[in-house]
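Shared chain: subunit A. Partners: subunit B in the first complex, subunit C in the second.
Take a look at the complex of A and B:
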């Protein structure tokens, strides 16, 4: 059910007017190479932002569990993507018009949505670190910041890497959030390009080629992770 | 506790510095998480709000009263109908499949599990675009049946993974006991495992229902232009710069998620949440 449309788009990306060709990839290169870089950049910025917020928060929560904050961090998990996009469009609009569709605006919105997942995974990983290590560090006089930086993060690194890859690929493939944020000047997220190419230009072949590029990017992220693990 | 600055490692944070830090952390998190959602509330009540003003010029319930018109109620009904159908179909497949994946070892078991992981790891939009293209050929594009099929792909992922986790948590020895007492495999499943799995089935059903109700990308592509659910209605409204209508819809769309969050928090076990992490 899922593999089959993937196959359809794979085949379509190499065909045009009944023949086999690479022309669709040429069009992707000509028209969208800037947007590919833009998308990778936004996803990287969004992931960094998510982790920059989640690491200190989870380090702090690992030191002292605090129910209300943990509950708040779960909230974004249960807010639909479209609602996140809209909320992070209207929250800026009276004060900073034009911020929402810009690249920092998209990165912030994506980070907001993924903070829930990142915190859930990270807190789980941090709580998996044996208490005796933390106790030893505290005996030696380390505060929460140092415990987080020197013990929790390095010891939970494999789990953090998994969630980083997961979040990065999800941001690469994000569609509803950038769509709801609106069209800005400058770059466009890749999925928006796919949508307009397919929906407005009716150009399924080029849209599929773009889609295949996005599959490769998602797999590339996963591969980087696997290589890191095996090294 | 010994050493270090006061309050920094008191478990309860009972010192003044610890308390201040906790309140600060709570306040900051609350601002970041609740801020955008609060802004939705303000926008839904703003009858007039033009740019340099920091607060709406006129507040009122005019846009909320529009909820009672067919514009809003029709997408709501369509979405609910689709969600019920998707939930029923997904669970019908996922309960036996989850049981099989949790209990039986058969060739290709890992492959089946992986196949159900794929939709999570892959960019969805190009896949939905291809599905839409195929649906056009069969006359399924723009129909409720087409949208249900698309939702089933994602819904099955949730359902199969939760049901597998649920059946794994039930001790197989119970089934064996029933077996030793002469019950057939089917009977053991129906009278022992299935009743024990009911809370898990309910949780799984809620997740699938919520997923279907909130699903946007697939509905937008496959359902267009005839099937409109609330997320699609919200998108159309926001594109027409009817930010208030979109905000009202957004708030309504958050209700089932909020209910589920509270339910998971209070009634159901945290294990069902962790499957997010397994993906």
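Take a look at the complex of A and C:
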């Protein structure tokens, strides 16, 4: 179910006009190497923003459970990607013209969408930390910020690393939000290039090569995840 | 439990299946929901009045080129696996996809058997992207790419590309189009730019394909890169209209039908007007085609023949949607009301269309130009 389509697209990426070739990867290098860096950059920035927002919020929620805030934090989990893209474009356009299609705009939108997933994973990890550690820290005068920074984050670090991998991989493969927010010029997320190659040109071979590059990028992150699971 | 679910599903299918005497016509529409709707609510019922044995199954496959690609992929898969008959009888596809299907022998040559065959006229029904499509395609309607502008902000709309380039230089950030990754209107504008800069319209559209023209094309695309420095690149056809409507830009590249539709729906400033500067912009028809191994080829041809009837074109294509007729305009336009005629030709007259409607280039040149754009403009 998984190996077959991946295998077919891998073979397609090395073929053109019935023969084997590296030309598709040549096209990726010539036309889209900048977009590979752009995609990694946007995904990394989006992941950092997600964690920058989720860690303090989840630390605060770990210290004092507050249902309404926890619920609100998880709302983005249920909002479709297209709706996020459309809503943020509508909200930003009048006040911050030019922000929505910029790379920071796309990174912020991706962070907004992934905040729910991050909260879900992070709260579970923080709640796995034994209460006695937190009580001891509090008795020694630590506030919520210090407890989060010095107790929760270090003790939940492996789980946070796995969350980071999942969120980064998801952002690498994002399509709807960049499509809704982005412009037809400048850097593009790789999935937009994949869509353009087969949608506009019917060029499945270069699209497949772009797909393989995406697998490789995600695989680097996935290796961390798999190593963590099998440890 | 599984057995029960299967039994219910089978029963539902049996109930949903048409009666034995009915012939099912599967119609795939590679276009927006409004085009699907006109088939479902107007064209199919109209044809059914003439051919009561027909049961329609109309499906839309989305918007833009990918919608047509989806139809091509489905038909190609059936051809490759040797399955017959194919499960699509009529398809509405883009010029690019229709030309590819004709080239690969996936289409049935049905136009000669139509009563209205003589009305299927124009260069675009003979060749598309350099491929012979004669007899294989009937444009459902024509769609023109144009420059739309705010009369309050643009007092003298550009009459040609020289004036357009000068206006954009004098008004940075007030002209928008969607590049080549945001839809075909931007692709069409890019082609028009290259026609204008190179003066090679005849060769780029008629051939022969010559790699030696790459230098001239790249020079034109380099000039486009400089032009783009004062331009807003929008995120699609709708993005350009949206920016125009909000006054963010004062001029932009649009599809005339989409502009008319937005105005009709009250989503667009009524003052925004299209114009067609010399040497013109491409027209991009959507073609009705019949797949080679369609189960009901003759019935499919009759349905398309019905759509090509001047009365139907006048009522469904022009009056209702403001599209340009797909078949001989001389036979269709006398049948429309003066009000519809005024709406249809406001800004862009029939004479403008006759003079400045351009064809898309041959596929080889199309790919050469888009590649140059990706490498030079980005």
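Here is the rule we use: the second predicted complex is superposed on the first by the 217 of 231 C-alpha atoms of A that agree within 3 Å, B and C clash if a C-alpha of one lies under 4 Å from a C-alpha of the other, contacts with A are read in each partner's own complex, and residues count from 1 in each chain.
Here, a residue touches a chain if its C-beta (ideal position, glycine included) is under 8 Å from a C-beta of that chain, and two chains touch if they have at least 3 such contacts.
None of these values were measured; they are calculated from a predicted model.
Student: For the three-chain model obtained by superposing on subunit A, do subunit B and subunit C clash or fit?
Tutor: clash
Student: So in the superposed three-chain picture, is A:188 touching just subunit B, just subunit C, both, or none of them (first/second/both/neither)?
Tutor: In the superposition, A:188 contacts subunit C only.
Student: Which partner chains sit in contact with A:103 here, subunit B, subunit C, both or neither? Use first/second/both/neither.
Tutor: So A:103 meets neither subunit B nor subunit C here.
Student: So, does A:180 touch the first partner subunit B, the second partner subunit C, both, or neither?
Tutor: A:180 contacts both subunit B and subunit C.
Student: May I ask you to decide whether A:141 touches subunit B, subunit C, both, or neither, giving the answer as first, second, both or neither?
Tutor: Touch partner of A:141: subunit B, not subunit C.
Student: Which chain, subunit B or subunit C, ends up touching more residues of subunit A in the combined arrangement?
Tutor: For subunit A, the partner with the higher number of touched residues is B.
Student: Taking the superposition as given, does A:30 touch the first partner, subunit B, the second, subunit C, both, or neither?
Tutor: It touches subunit C, and subunit B stays clear.
Student: For A:90 in the superposed arrangement: first (subunit B), second (subunit C), both or neither?
Tutor: A:90 sits against subunit B, while subunit C stays out of touch.
Student: State whether A:200 touches subunit B only (first), subunit C only (second), both chains, or neither.
Tutor: Once the two structures are laid over each other on A, A:200 reaches subunit C alone.
Student: For subunit A, which residues lie in the overlap of the subunit B contacts and the subunit C contacts?
Tutor: On subunit A, the residues that contact subunit B in one structure and subunit C in the other are 93, 97, 179-180, 195, 198-199.
Student: What part of subunit B is in contact with subunit A in the complex they form?
Tutor: Listed in rising order, the residues are 1-5, 8-9, 11-13, 18, 22, 25-26, 29-30, 32-37, 39-40, 43, 49, 51, 53-54, 115, 118-119, 121-134, 149, 152-153, 156, 210, 214, 216-217, 221, 224, 231, 234-235, 238, 243, 246-247, 250, 253-254, 257-258, 260-261, 265, 273-274, 276-277, 279.
Student: If you look only at subunit C, which of its residues touch subunit A in the complex?
Tutor: For this pair, the touching residues of subunit C are 64-66, 69, 72, 96-97, 100, 178-183, 186-187, 228, 233-236, 239, 246, 248, 367, 370-371, 374-375, 377-378.
Student: Which of the residues in subunit A end up touching subunit B in this complex?
Tutor: For subunit A paired with subunit B, touching residues are 1-6, 8-9, 12, 53, 57, 60, 63-64, 66, 68-69, 71-84, 86-91, 93-95, 97, 112, 115, 117, 120-121, 124, 138-144, 163, 166, 169, 172-173, 175-176, 179-180, 191, 194-195, 198-199, 204, 207-208, 210-212, 214-215, 218, 222.
Student: Would you tell me which residues of subunit A are touching subunit C in their complex?
Tutor: Contacts found on subunit A: 30-31, 34, 93, 97, 101, 179-186, 188, 192, 195-196, 198-202.
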